[in-house]
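Some structures to go through are shown next.
You will see two complexes here that share chain A, one where it goes with chain B and one where it goes with chain C.
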Partner chain A sequence: MLLGSLFAVLFYLATAILVLGLVSRIRRYARTPAPLVIPTTPAPITRSGVAARMFREVVFFESLFKGSKWSWLFGWLFHFGMLIALARHLRYFTEPVWNWVVMIQWVGVYAGMAMFVGLAGLWARRILVDRIRYISAPSDHLMLALLLAIAGSGIGMKYVAHTDIVAVKAFTLGLIRFDWQPLPADALLIVHLSLVVVLMLIFPFSKLLHAPGMFFSPTRNMRDNPREHRHVAAWAQDLSSTPSDRSQVS
Partner chain B sequence: MLHGLTRTVGMIRSFVVLFIFALSGSAGLFADVAKPQIPASRGDQCVEPVEIMRRNHFEFIVHQRDLTVHQGIRTKRHSLAGCIDCHSTKTAAGQYLPVNAEGEFCQTCHTYAAVKIDCFSCHAAVPTEKISQSP
Partner chain C sequence: MAKVEFETPELKPWVDAPKVAPGAMAHSKPFVAKPEHQQPLGFPGELVENWKDVALEKMGDLLGRYRSLQVFMDACVKCGACTDKCHYYLGTGDPKNMPVARQDLMRKIYRRYFTPAGKWFPKLVGAVDLTEEVINDWYSYYHQCSECRRCSVYCPYGIDTAEITMAGREILASIGVGQKYSNEIIGKVHTIGNNLGLPEPALADTLEGLEEEVEEDIGVSVKFPLDQQGADVLLVTPSADFFAEPHVDGLIGYAKVFHQAGISWTLSSYASEAANFGIFIGNYENMQKVAQRIRQAALDLGVKRIIVGECGHAWRVAYSFWNTLIGPFDFLDPSYPVPQHICEFTHDLLQRGALKLDPEANDDKVVTFHDSCNVSRGSRLGSAPGGQFTIPRDLIQAACRHFVDMAPDTIHEHTFCCGGGGGLLTDDLLELRVKGAMPRAQALQQVIESHGVTHMAAICAICKSQFSKVLPQYGMGMDMIISVHQLVGDALIFDTEQ
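== the complex of A and B ==
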């Protein structure tokens, strides 16, 4: 029960920092002015066009595909493997388990492996490609190591050393319903959950912010309409003057 | 900067207060955590300690299957039929219920953890004739 309480406190703390950190970051992103129209052309000229571009960017990583096929392959494998692996984990958070979550359980195992392969590929790129190694900071390597260790410990619990998943589910449900439950003392589980706590803690302060930041990227979320509409940032409204005013001054 | 920090600390503090309040009232305010209600079994003890069975029962069953099917070694210790002998329950009318029926021994946890059971598309989920006749 001591272990259960320790991790309950850790998860509440990590959740609070993750949520508050993300909210304050997203607020900052939303308030940052975009003074110029700088969509990467060719760019859509309508709002629905922008939505479609953003959709392709988020779902297919379009510009990464255009930029680097290897990065795209491993990056996409990792992100969508992780998405399905996370969905598989919903069985620990829902009771009764939603039907579609039951149905994707078997896919989730392979998704976990895809995630592992994708991360390994991205890390290999950082080490093997000279110009990428040159620009890689320690945090780039550590982030990949962290995610790889999370995926590895998860796969390990499936194939090497099992844990009592019924007790694990009681633990997570206990977190949600504020009725703390004991956590099984299995090494891989402790490693897995500890690293997830670390991930949640660093998420709002790291490059992982590209997830919300994507949507605030002016080169992707702007329309290509500088001739049709004069673009004035909100903070510049007071400074702006009409061309006739300016000619009178000069 | 300082203002932002004070505000963040304030938010964390209110969260902690809410959290302690939630804990103090957890028994009454929140629903108890749902856990699988496993039906009682026959026999004094399992073939392995409970803690090990909860983690590794399928390793035993698969291992036994490989020994039996691939190598022809048929032992009793980890046999699936042995599991069913102890872990199936009877209706009031004296009929055995399949162990993979909803609410029965296997299915209770497997539903809870969303794990599919393949065993009983081939194997019998109730004790076999010979065993059910013995007392």
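== the complex of A and C ==
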């Protein structure tokens, strides 16, 4: 029960920091003005066009595809593998388990592997391509190590050392219902959950901010309509953009 | 001036990402602005004593004023997609010319002073203290970026290194370390009205000379009006168009189009410059002040429309920023776009059948088109996205029967900068300019060999100046580069009734 309580506290803490950290970052992005119209053109003219552009970026990684096919392939495998693997984990948080979550259980296993392969590919590029090696800080390597270890320990529990998933589910539901339950003391599970806590804690303080950040990127979310629509930020307005025009001179 | 010894890159059948060569361009630095170039722009004359505090304060200020800077500092994941996209990296191999590394020069300071991770674990996240060495790197490498936005096309988050270069230059200027070339020019616009410091009498004289020259040449009395009250159109064009080659042939082309269309127009001696180097140094206030002269001239002359001549960054400022900086334009005729590009204007006339071109006039040429970075990725022509690519090509093909495009990954949104944009068109950066032109020269070389291309047309004064200087370094003629409106002007059929 001690272990269960420890992890309960850790998860509450990590969730609080994750949420508050992200809210504060997002608020800062939202409140910082974009004084000039700077979409990377050709850019959509309408709001729905911008929504479509953003959709293509988020779902298909359109710009990355133009930039680097290998990074695109590994990056896409990783992100969408992770998305499906995360969705698979919903079975630990729902009772009864939602139908679609039941239906994707088998895909989720392969998704976890795709995530692992994608991460491994990204790390290989970081080490092997001299340009990417040059721009990598220790934190860039550690981030990949962390995610690989999370994926690896998860896959390990499926294929190497099973844990008592009924007890795990009791633990997670207990977290949600504020009715703390014990956690099985299995090494892989403890590693898996500890690393997830670490990931949640560093999320709002690291490059993982690319996730909320991309929605605020002015080069992607602005419309190309500067001639038709006058765009002025508050601080620029204060500069009295058009001071009283000089009187007519010849 | 000490002559820098360097080797012009060899043109290969394709462009490979070079091996990283740390420090290869660390020696490249433009001349530093003198106090007389700094002070009129509102910057301190020389390095201030508490430069570190001032720089960090300015950085905090900019982070709060520009969402782009704030988001871009946080969002980069170091995926490497941009690393082989910058023409300066491709031409020099210096890793600090990779867009992400150029950003990191500022990001490592941002992390150290503005993020918990960098305050507590600097080594882990690559954060460093702001030292003189960092400032030297900034001065060197923020003047090895032409703010062309090519990297932003490929970034999964749209990170635009130009925004960071602009912030870097603004911070540098605000601690007293400005760039002489750009700041001296901005000062000339503030006092005289154009980058060249060409006063009204000299301008009037030049235009008169052009009228005589054109009449002698084609026997038509094409006018180049200056400060003409009540004209319909105010033409604002880069001052290089007044006398530099091949720019002036473009200006002659515009004048012929106006003449044949029968639309009254005028230049202004008060606002005799479309270029706005305020964008290059990232300074909103100076950019606005430069642009303000144009609003004033339009009001004073009582024109109905403003048309902008061939100039890349000027068009970005005009199209994307003017309405914000000096709008609203409620005193102009709302039936025309404000501002309008000369290519849009001519294209419209052609489509309406108001102009006739004889493309056989340019039969001696095989032409390709260089998409200028600021037009391609920072603005638009026409009413639909991508008009910036089709409209100039339509004009060229209407004026010339032999047209061929360069390789697809070097045109349209993928276009390479000429190597001289963003305030780098100065002889103290000649090595950088030559090396940075390599990717474009390579693509041009390919169509010369495959299609016998004789000329490359462009719609940017900087591109034209840069190419006439650097193409000879690659064994190509300096007169290969021409204005789109030179082709139009040469093909124009004059209605002899007039």
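As a convention for this text, the second predicted complex is superposed on the first by the 240 of 250 C-alpha atoms of A that agree within 3 Å, B and C clash if a C-alpha of one lies under 4 Å from a C-alpha of the other, contacts with A are read in each partner's own complex, and residues count from 1 in each chain.
Just so it is clear, a residue touches a chain if its C-beta (ideal position, glycine included) is under 8 Å from a C-beta of that chain, and two chains touch if they have at least 3 such contacts.
Remember, predicted model here, so these are calculated numbers, not experimental data.
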Combined model on chain A: chain C and chain B, fit or clash: fit
First (chain B), second (chain C), both or neither touched by A:5: neither
Which partner reaches more residues of chain A (counting touched residues only), chain B or chain C: C
Contacts of A:97 with chain B and chain C, given as first, second, both or neither: first
Touching partner for A:24 - first (chain B), second (chain C), both, neither: first
First, second, both or neither for A:46, with chain B first and chain C second: neither
Partner chain in contact with A:125 - chain B first, chain C second, else both or neither: second
Chain B versus chain C as contact partner of A:224, first or second or both or neither: second
Least Cα gap, in Å, left between chain B and chain C after the two complexes are fitted on chain A: 10
Touching residues (chain side chain B, partner chain A) in the complex: 4, 8, 11-12, 15, 19, 22-23, 26-27, 29-36, 51, 54-56, 59, 109, 111-116
Contact set on chain C toward chain A in their complex: 17, 19-20, 22, 63-68, 70-72, 74-85, 95, 98, 100-101, 104, 115-117, 121, 123-126, 149, 152-160, 163, 229, 284-285, 288, 292, 295-296, 299-300, 319-328, 337-339, 376-380, 384-386, 388-389, 413
Interfacial residue positions of chain A with respect to chain C in the complex: 25, 28-29, 32-38, 40-45, 57, 61, 63-64, 66-68, 71, 75, 122, 125-126, 129-132, 134-140, 142, 202, 205-207, 209-210, 213-214, 216-220, 224, 226-227, 229-233, 235-236, 239, 241-243, 245-246, 248-250
Residue ranges of chain A touching chain B (in the complex, touch as defined): 12, 16, 20, 24, 91, 95-97, 101-102, 105-106, 162-167, 169-170, 173-174, 177-181, 186
